[in-house]
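Have a look at the structure below, then the notes.
Going by the order they are written in, the chains are A, B, C and D; count residues from 1 in each one.
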């Protein structure tokens, strides 16, 4: 299976995945197989002081990095660990995370992601390590 | 204001915070002011293969570490960065994250958190750095 | 091989390992197989403003966490990633890092470490992820 | 003071900094003020199995990210935390780390770094958070 076929399969998977649906996130890939997760602003994304919750940035970064790596493997990959740096607070703006591959290894992958507002402001960055499993998707 | 007063104020804040409400999370503090975030399992916490999404572990860890630190400060603190290690997959189990202080500094705080299933299985660990702001809560 | 035998073998390995020798570090294990790396202060540990360099804290944390995990495996483990939080600057004090296991898995391990001055002041914390390889120690 | 003046001052500082001297590291900046730390291979950089020690990658990444950020500030900045992903083992090869700015804030900066062998192979990546202090350099 090539990355384009996997990308189509992953978008289908994402569209029925519970947490992304619950948060209003969508997935697409660009021509270089960067994974792009978008989420329009909604009040339920916020913490108690009316800004987007750190957990949302983490979810965006984990997801975008995961799909950017996973599109290069036939079996499922699992997130081993990830880190997030929150650069600026966000209130009321739509967000998009873009995931990029750092390294596609035999048993481990590394990928990064950045989160920008719809206006292009860089608001969070992060990345993770992912383990290649023997688990197929279907 | 002392930690017990701040803890009560924070629980009130948390109970009306949009993302925790949307995910079904509750907050309490133990006698040593560890912050405990609990979330009963719900389908909307899962990724596409039916296990709890990494973003949920990150949200639990960011939140538990944040409250464990924040209870020691009068002004608001902001998350600078955090990291998460996902130790074992979880399917269908209730979760609780416990946050602990590492260091309460003048301008920066450090706190850790661990996530366990209701049965006590350790499934994720992490921690973060938080900056003391001049912003009051109310 | 049991942890006590591995510990003895690891101390022998450490005592001839080039970087630890070059930096003056020593290794021991306590009765619970926590790994303890000690380094007496020396000028060559410092950055340009006369405090201990961040790279030394990272080396201590990577090493202490690595040995705390490795003592539980027969084959070699390799560091996948690690993170470090520098809590307080240190000038002219001896340091000791203590590594503790978080999880011993089949293919991946997690361990943490903290660094204290000889006087017991907590100055840095961190942890990492380690992959179990098929490489023997010989 | 502009970045070019600060870069010259930092190189002078680095050339007499104890740990970099002890490890054989040199610093330069490119025209875009990326910080480049180079280290020729030496046996004392290795761990007990004859490959470059993780602490060296961490030292390179902390240093390159630190200088990439610090060149944009008049006062001293201090490393708050950093993380490192070790992508491939290295044995006997010269290394160069390149640091890049992610964000230059009023009180906090973020910067990343990557480490490549002389042949251009990407072997480690990482990044950190840095706090702006009131401490002048001299």
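In the analysis below, a contact is a pair of C-beta atoms (placed from the backbone, for glycine too) under 8 Å apart; a residue touches a chain by one contact, two chains touch by 3 or more.
Just so it is clear, the structure is predicted and the values come from calculations on it, not from any experiment.
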| item | value |
| --- | --- |
| Steps needed, at minimum, to go from chain B to chain D via contacts | 1 |
| Pair sharing more residue contacts (C-beta pairs) when C-D is set against B-C | C-D |
| Chain centre separation in whole Å, for chain C relative to chain B (CA means) | 28 |
| Centroid spacing, where centroids are CA-atom means, of chain A and chain C in whole angstrom | 33 |
| Euclidean distance of C-alpha centroids - chain C vs chain D, Å | 21 |
| Numbers and ranges of chain D residues touching at least 2 other chains | 80-81, 83, 85, 129 |
| Chain D-touching residues of chain A, taken from the complex the two chains share | 83, 85, 87-88, 102-103, 105, 110, 112, 122, 125, 127, 129 |
| In the complex with chain C, residue positions of chain D that touch it | 13-14, 16-22, 43-49, 53-56, 58-60, 62-63, 66, 76, 78-86, 89, 135, 137 |
| Footprint of chain B on chain D - complex, ascending | 80-81, 83, 107-108, 129, 131 |
